[in-house]
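I have a structure I would like to understand better, so I am pasting it below and will then ask my questions one at a time.
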C-alpha cells in the first residue's frame, strides 16, 4: 500500500479539483503512473448527460437471487438489518458503485435508493454495472446515475444483496471502498488510492488539461499538430 | 382465461389512468399477482425520451425474408392484401408491437408506417424488437417508437410479413393482441389481460405510486428508509 | 470501375444536395441500383443528434497494438511521420472513417484529432467503428462524430496506426477513400463511387424524398396507404 | 402454396435419399430455387457428431415462464393435457424442432423427452434453438440432438409450453410443421415444402453431390480448379 | 447458516455418491429445496468429455491486471507468497473454481497449475469462468477442466491474483469455499452447504435418479409418458 | 523491418521445429520479445482436434457481398481470374488465413477449397475467422481447419473476394503474408517475421518447452511449485 492517506475533507477538496478536469485527462495521468486498467469498459452512460462527479466509492455488491424471497416474506428484522447495512454508513460526497455480478433481469438501482442516498446519506451519484429503473424520477431529484441500460423490473425477489463496503469489480475495474470514482460524459475512471497518491494524480490531470488547452489554442490559431508536437514535445 | 373483459372505451380509460403511473409500479403490481416475466428486456429506448404511452397491443410479426422479392416484382394484388392486412384493422388508442424474429438487417418500422398508423389508424405508439429508420421524421409527427437501434436500410426485399394480429414474443415477453402495452423512460411492460384483471392491475399500480410518493416525502423530510419501512411496513 | 469521376468541387456540391435528403432515401436508391450492403450496421449514433453530413471518405485504419509503446518512447521522427501521415492529406469537406479492427479498449478518436481535422484539415465529421472519448469538448467545437460508445482511455500505447488512405471495412461496409459517406440520425450510408454514378444516386434519392413527401401528405389528408399505392404505384 | 404434396411414406423415402447427400448441397439446391434463407444460423452442433438426419418437422414452441408454477402445483388434468399435446401426435420419422423464444435459463430438451419421442413416437432426432440437458443419457439411447449448448437446469417452473404443431422460428428460419429438417455436421437446413417441391430439391441436391464428387476427383488427379470450371462450367 | 457440518471425509464420501448421479438430478433436488439459481450458465465444457467430478470448492479470483508486471520484474518474495497463497492450502478431493471477473485476454488456468494441483494438492478438477491453455497436456495428465474456451496467451503480465479462498461468482453462481461443485457433461452445479444439508441433497438426487430410471424403463417398455405420470405422480 | 529473411526451405524447417513445441510456449516467447498481441482471440477450434500445424501465411480477405451476384451470372473470364487469384500463388507448406470482415452468413471455407489447396497448392491447413462448411468431407481428406463455427450456406452470392495476398486482421491479430501461423489445440499464434527473428522465436519456444518439462517432472516427483521457482528462478 503506497498511496498517501488524506482526511475525508481533503479528499473532497481534491475531488472538487478533479471535477474541473475530465476523465480522459485522469486516464492519461494514471497511464503515466503505470495504472493501465482504471477506465470502466465502454457502455456506461449517465441519465443526466452533463453530469461530472468525483467522490470516494461506496461499494454495493448484488447478484441474481438464490431463493426468490418476496419482500413480505422477509422477517422485518432481516429487512431492518439489510437497510442498515446498505444505508447506515454513507458519508457526504461519496459515489455509490454497484456490481450486479452480471445479472440483467432487474433494475439494480432505483429512485428510493437515490432519494435516500442523496437526502439522508449525502451521496452525490451512483455508477451501476447493469440496468436501472425509475429514471425519470431520479432525474427529477438531480441525482446522476451512470448505468448500462433501463428495465422496469423490481430487484426484490430477483436480486440478493451480497456485500456492502467490500471490494467489487465494476465495469471490469476493481473498486475498493474509498477509491475515487470520477465520471463524466466519456465514462467512469477509478483512482486506486491505496496504490496511487491522489494529489499526484489530480495534479497530473490538471497539467494535462492545461497542456491540451494550450495545444487546442495553437491548432485553432492555425498551427499543425506536428508543429505543436515539435514546440511542446507532447500533444 | 381469468381476466375480465372490458369494452374498448373502458380499456382506453384504464390506459389513461396507467399513463399517470410509471412502468416500475406496474411491474411491481404484476409481481404481486404472480406475473414475474412481463417486463421487456433491457434495450428498448424511445425516440421521444419523455413519452409515456399505454394502449392495447396491435401485433405484427416480421422475419428475415425467404425470397428477397423487390416491391416492383410483387403483384399489386399481393401488395394491396398485405397493406390491408397490416393497416386494415387498427383501432384508436392501440400500440403496435413488432417482432422481427431476431432480424437486424433492416429497419423494422419507418415513417410511412408511423404516419399511416397515426393519421389513419389512430394508433398511439410502436414498440419494435429490432432497429428502426426515419427517426427524425417520426419524431416530427410526434409518434413515439421504442426500439433497439437505428439503421437506414429498407425492409422491402429483406423482410417478410409473417403475421398480423397473432400472438408474438417481443423483448422476451409474450404479447397477445389486446394485451396492454405500457411504455415509458424505464422500458416496456405487457399486462396479460386474459389472465390478469386490468382494473386490478391499474388500481394496484396507483396504490404503489401513492405509497412511494409518501415514502419519498418522508425521506426528503429526513426519515431514514428503515423508519419508513417500520412505519408503513413497506418501501 | 463504372462510376463517373467528378471534380472535388462537383463532389462537394452533390454532397450538399445529399444533405437535403436522408439516409433511408439513399439506401433505397442504392438498393434500386443493386447495391444491397451499403448501410453500416445498427449501432452508430452521433454525439450531435441533429447532425446531417455528407462528404468524401478519408480512411484511417487502427488496431490493437502489437508493442504497447508509450508516446515518450517514440522517436520524434516517427511521431512526426505518423502525424503527417494522418493529417497531411486532408481535404475540405471530407468525412473521416475509422476502422478499429474490433478493438474496444481505447478511444479511437478524440478532441485533438477533431480540432485538427476541423481547423487545419477542413474535415466535416467522423464515423468511428468503436468507442471515442473527449465527447463534451468535441461537441463544443461542433464537430459531429458517429461512434459506437464512449470510454475515457487513451489510444497511445494501446492502438497502432495501420493505414491512412487505404480501403477499410467500417460498420460491415467497405469504404474506399473517396467513397461518399452520408450520415444522419438513422445511421451511416456509403456510396461506392467507383461502381455507382454519384449524380445518379443523388438524383434518385431526391426523387424518393419527393415521392415520400407526396405520399405522406396524401395520408395526412386521409388517403389510405393502399390508395396511395394504387394511385402512384409505389409507397 | 406451390409445393407438391407427398404421402408420409413418400416423404420418408425422399428423406432417406436426402440423408445420402449433405446439407451444403441442399443449401445450394435451395439457393438455385430462390430460397436464400433456409440454413439455421451458426451455432447448432449435434451431441452425436456423425449423425445425419432428415425428416418432417414436429414443432414445439417454448418460452420463459410467466408464473413459475412447480410441477406438483399443477392440476394433474393440466399435466395430462400438456403431455398429450406434446407427445400425442408424433409420427414415425419426424424431427422435433424446438423454439425457446430466446430463453437460455433451462434445458429446453432432456432425456425423458428423447426417450418418449424415440420409443413411443418413432421420432428420429431433435433440433433445439437453445441449451439442453441429460446429454450423456441421450447419447446412450442414440438419439441425436442439435443444440446450442448445455445446462443442468430443469425447464419445469422456468419454461412455458406455448404451442405444439404451429409454425415456429428456429435458428432464424421459419419452420412450418411438415417442412423437412435436414441436419448433419455442418448444421441444419429447412426445406419449405409448401413452396418448394421436395422431390425437385432432393434431385438437385443429388446432382450437386455428383458434380462435386467429379470435381473433387479431377482435382485430386491434378486438374486445377480453373480447368475444372472450364471443363464443366461449374465448381 | 442452516447447513449441517460434515468432516472432510464425510464430505468426500457424499461426493462419491454424487458422482454416481448426474447434474440435472442435483439441480432438480436443489429446486425442490428452493435453491433456484445453482446451475452455472450455459457455456462450460470439459476438456475430458466423459468426466464426472464432485468435490468441495477451492476458490481463486483473478482479474485483468492493473500494472502489467512481468514475472522477472517481481520480487522473488512476492512470487513465493503468491505461490504459497494459491497452492498452500489445497486439500485432497477439492475442485478449483476460478473467477476471471470477465477477463478473456489470457488463459486463466494451465498445465503447470493443473499438475501442481493434482500431484501436490490432490485436487480433482477445475472449473474456470473464462478461457484456458495447455489443453493437450492437461488432458494427458487426466485432469478435467470445465472452461469456456481456449487461448494460448499467458496470464503473467495480464492477470492479477485477487483472492484465494474467498467467495467468488463463477458462471453466474456464488461459490463459497467448501461449497460442493458437481460437474459433468451437462455443466456445473454448486451445492451451497451453508444453507442446504449436503446429505439431504445427495439423498434427493439419488431418489430422482432412481425415479427417472424407473420411468425410462416403463417408457422403453411402451408405456406413455402420461401413463407414467398417472402411475407415479411424477416424471 | 527488423526480422531476418530466410529461404522458403529454411522457413519450413523452422516450422517443423515449431510443430514439436506448443502455442503457449510460442506466445510466451513472443511476450519476452515484447510482442504482446500475437494470439488470436478465444474461439478458434480445429475440426481435427489433434492437429498441430505451422507454416507461412497465405492470406485471403472476404466480406459480405455488395451485389449478390450468382455464379452463373458471372462472366467466365471473371471466374477464371478469381480462381487464379485465389489459387495461383500457393506454395507448399503454407497455411491459409481467412478474414471475413465480420460476416457470418455463409461458410467462408469449404471442401473444394480445401481439396484444391491441399492437392494442387500443397497447403497444410486453414485458419478462418468465421464459420465454415463441408466439415465431414474436409476431415476425410485430413485437412485441418481452425474456425469459429459451422453453417451449410454457400458463399457464392453472399460473399465478395476482397483481396488475396494482402495484410489482413484475423482473430484480432494482423497477419502479413508470410507471417508464421502456428495452431494447435489451444488456438492460433501469429509470428510477425518482419519484426521478429523467426529462428530466435523458435529457439526461445524450445527452451520454454524444455524448462516446463523439467518443472513438470520435478512437481510430479513431489517438489512444490515454490521450490521449483526457487531452484530454477522460473516456472
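Going by the order they are written in, the chains are A, B, C, D, E and F; count residues from 1 in each one.
Following the convention adopted for this analysis, a residue touches a chain if its C-beta (ideal position, glycine included) is under 8 Å from a C-beta of that chain, and two chains touch if they have at least 3 such contacts.
Keep in mind the model is a prediction, meaning the values are calculated, not measured.
Touch-path distance (fewest steps) from chain B to chain E is 2.
By the document's definition of touch, common neighbours of chain D and chain F comprise E.
Centroid analysis (C-alpha atoms only) places A farthest from chain D. For A-B, the equivalent interface within A-E, C-F or D-F is the one where over half of the contact pairs agree by residue number, namely D-F. Chain B and chain F have Cα centroids separated by 48 Å.
Per-chain CA centroids place chain B at a distance of 33 Å from chain D.
Contact with two or more other chains is made by residues 36 of chain D. Taken as a contact graph, with one node per protein chain and an edge wherever two chains touch, the assembly fits none of the named shapes, being neither a line, a ring, a star nor a complete graph.
The complete set of chain-chain contacts reads A-B, A-C, A-E, B-C, B-D, C-F, D-E, D-F, E-F. Partner chain B is touched in their complex by these residues of chain C: 22-24, 26-28, 31, 36, 39, 41-45, 50, 184-189, 212, 215-216, 219-220, 222, 224-226, 229-230, 233-235. Here chain D touches chain E in the complex through residues 70-71, 76, 79-80, 83-84, 87, 104, 107, 110-112, 115-116, 119-120, 131, 133-137, 148-154, 156-157, going by the rule given at the top. Within the complex formed with chain D, the residues of chain B that make contact are 34-38, 63-68, 101-103, 162, 167, 169, 172, 174, 192, 195.
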